[in-house]
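Here the chain labels run A, B, C and D in written order, and each chain numbers its own residues starting at 1.
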Amino acid sequence: MKAIVTATSQIKVQFYDLDPMNIVWHGNYARFFEIGRGALLDKIGYNYMAMKESGYAWPVIDMHIRYYRPLELRQTAEITAGITEWENRLKISYLISHMETGKKITSGHTVHVALDIQSQEMQWETPPVLREKLSPYLP
Amino acid sequence: MKAIVTATSQIKVQFYDLDPMNIVWHGNYARFFEIGRGALLDKIGYNYMAMKESGYAWPVIDMHIRYYRPLELRQTAEITAGITEWENRLKISYLISHMETGKKITSGHTVHVALDIQSQEMQWETPPVLREKLSPYLP
Amino acid sequence: MKAIVTATSQIKVQFYDLDPMNIVWHGNYARFFEIGRGALLDKIGYNYMAMKESGYAWPVIDMHIRYYRPLELRQTAEITAGITEWENRLKISYLISHMETGKKITSGHTVHVALDIQSQEMQWETPPVLREKLSPYLP
Amino acid sequence: MKAIVTATSQIKVQFYDLDPMNIVWHGNYARFFEIGRGALLDKIGYNYMAMKESGYAWPVIDMHIRYYRPLELRQTAEITAGITEWENRLKISYLISHMETGKKITSGHTVHVALDIQSQEMQWETPPVLREKLSPYLP
């Protein structure tokens, strides 16, 4: 992942994450990606509360998940989330791997665009606030 | 959607589907796709129980969702799910639109491969059972 | 259930509702209760949007669920939700049963109190707006 | 909570836990209870895998949740789960409180009965395996 900034989180698989195949239900990875994204946005100082204060929401317009290996009950997974695009839209990439073995479980991305909360208009260029938050990580 | 067979389902948005933006949380569309897929697999006579009896599981190996418009509380959405690939792997495509206006909300796909339950081996060609189930819909 | 007004909904069990025991995960009944409650509140003209307009939120302060029988994939369940207390607090009772056999699956209740959205104060008496909405059903 | 053994877990509230009121949706506490229960059952050496090996499942037959205060985004909560009955049925009690302030958020319990997996019969007395697992904690 060629990201300008990344953050790492861990999750332990719970019973409620599982499906009848005894593995994490595929749709639950959207939650796991969000755990990774939450840690990443906390790190750059631009989490959901800060977004709201800045006047923008950042809805997801695209999500892609690839599944390599299953996750089972009580296993621990490491989620790495990183910002891989930010100029016109915000792209966050994810890698989830087994804590113990390092083996890849899923990867994917979400794409977000800035929505001006007042006007409800999509912004086709990243608003200055994100650039400021990212400035410590830019070359 | 160029599908060999499709099925249509309806859902009414519930309070628990919503996020703090008052719209359906993006990850819940994995559930909505599954509602569509369930109806489609019922229609061709190859739902989860029939899959198990046939000796195969069909785990998701890829999921992609595009978001066009939000869905709000008490709105009704129509889910169309169709089989768009079946020879080497099973690809199901989805379109979710507003019931009343017909406007597009999300689209996407899931890709599934056959897993032999006994040997736990992935099948790189579609097993005959799926071909049989699809035969009424093939040219 | 000795309710002043009831509403009935139906749900079809989906794959994502299931746990590794191949039955609906016990926590999902909170969603099923909410489907029943949504239909009931629509019926009396006091759903979530109408609540907000009336200046009150109605958070859950108590929930109880009893489990009698499991629900399995593709089974259809009938949810009956009814208002069983309304003078000082709002109590909604639920009964979920198998559509085909009528057998009881779960029962339970939720208790809600009015919260004045402006002052964020709990109301220890039911606000007049609920009384009005219920007047057609009162003796 | 007068428990013979307890375990403590922590959770950080995620965006997907929230409802349109910007607080954790009431039904999600069933997941938080399960996180607490998972840690407790790990501690006594009788988690879901060990249960299966012992020939018993332990379905929930009753759940009760009381809500005192809301939980908000990025707050951390502490979950204490303890075994409060075990002779004829297994009762687990829960207390969730704010990490920083110690203030109570929710409390509740789940009741479980042993189900013989082979015969699918409910056991009206606790099977010896649970007694063994609990013996280090009994007077």
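We take it that a residue touches a chain if its C-beta (ideal position, glycine included) is under 8 Å from a C-beta of that chain, and two chains touch if they have at least 3 such contacts.
Model, not experiment: these values are computed from the prediction.
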Between A-D and B-D, the pair with more C-beta contacts: A-D
Centroid comparison with subunit D (C-alpha atoms), farthest chain: B
Centre distance in Å when subunit B and subunit D are each reduced to the mean of their C-alpha atoms: 34
Distance between chain centroids, defined by C-alpha means - subunit C, subunit D (Å): 24
Centre-to-centre distance between subunit D and subunit A (centres being mean Cα positions), rounded to whole Å: 29
Per-residue overlap in subunit A, given as positions that touch at least 2 other chains: 15-16, 20, 27, 30-31, 34, 48, 73
Subunit A contact footprint on subunit C (complex, rising order): 15-16, 18-20, 22, 25, 27, 73
Complex contact set, residues of subunit C against subunit D: 20-21, 23, 26-27, 30-31, 34, 48, 57, 59-67, 70, 110
In the complex, subunit D residues that touch subunit A: 12, 14-16, 30-31, 34-35, 38, 42, 47-49, 73-74
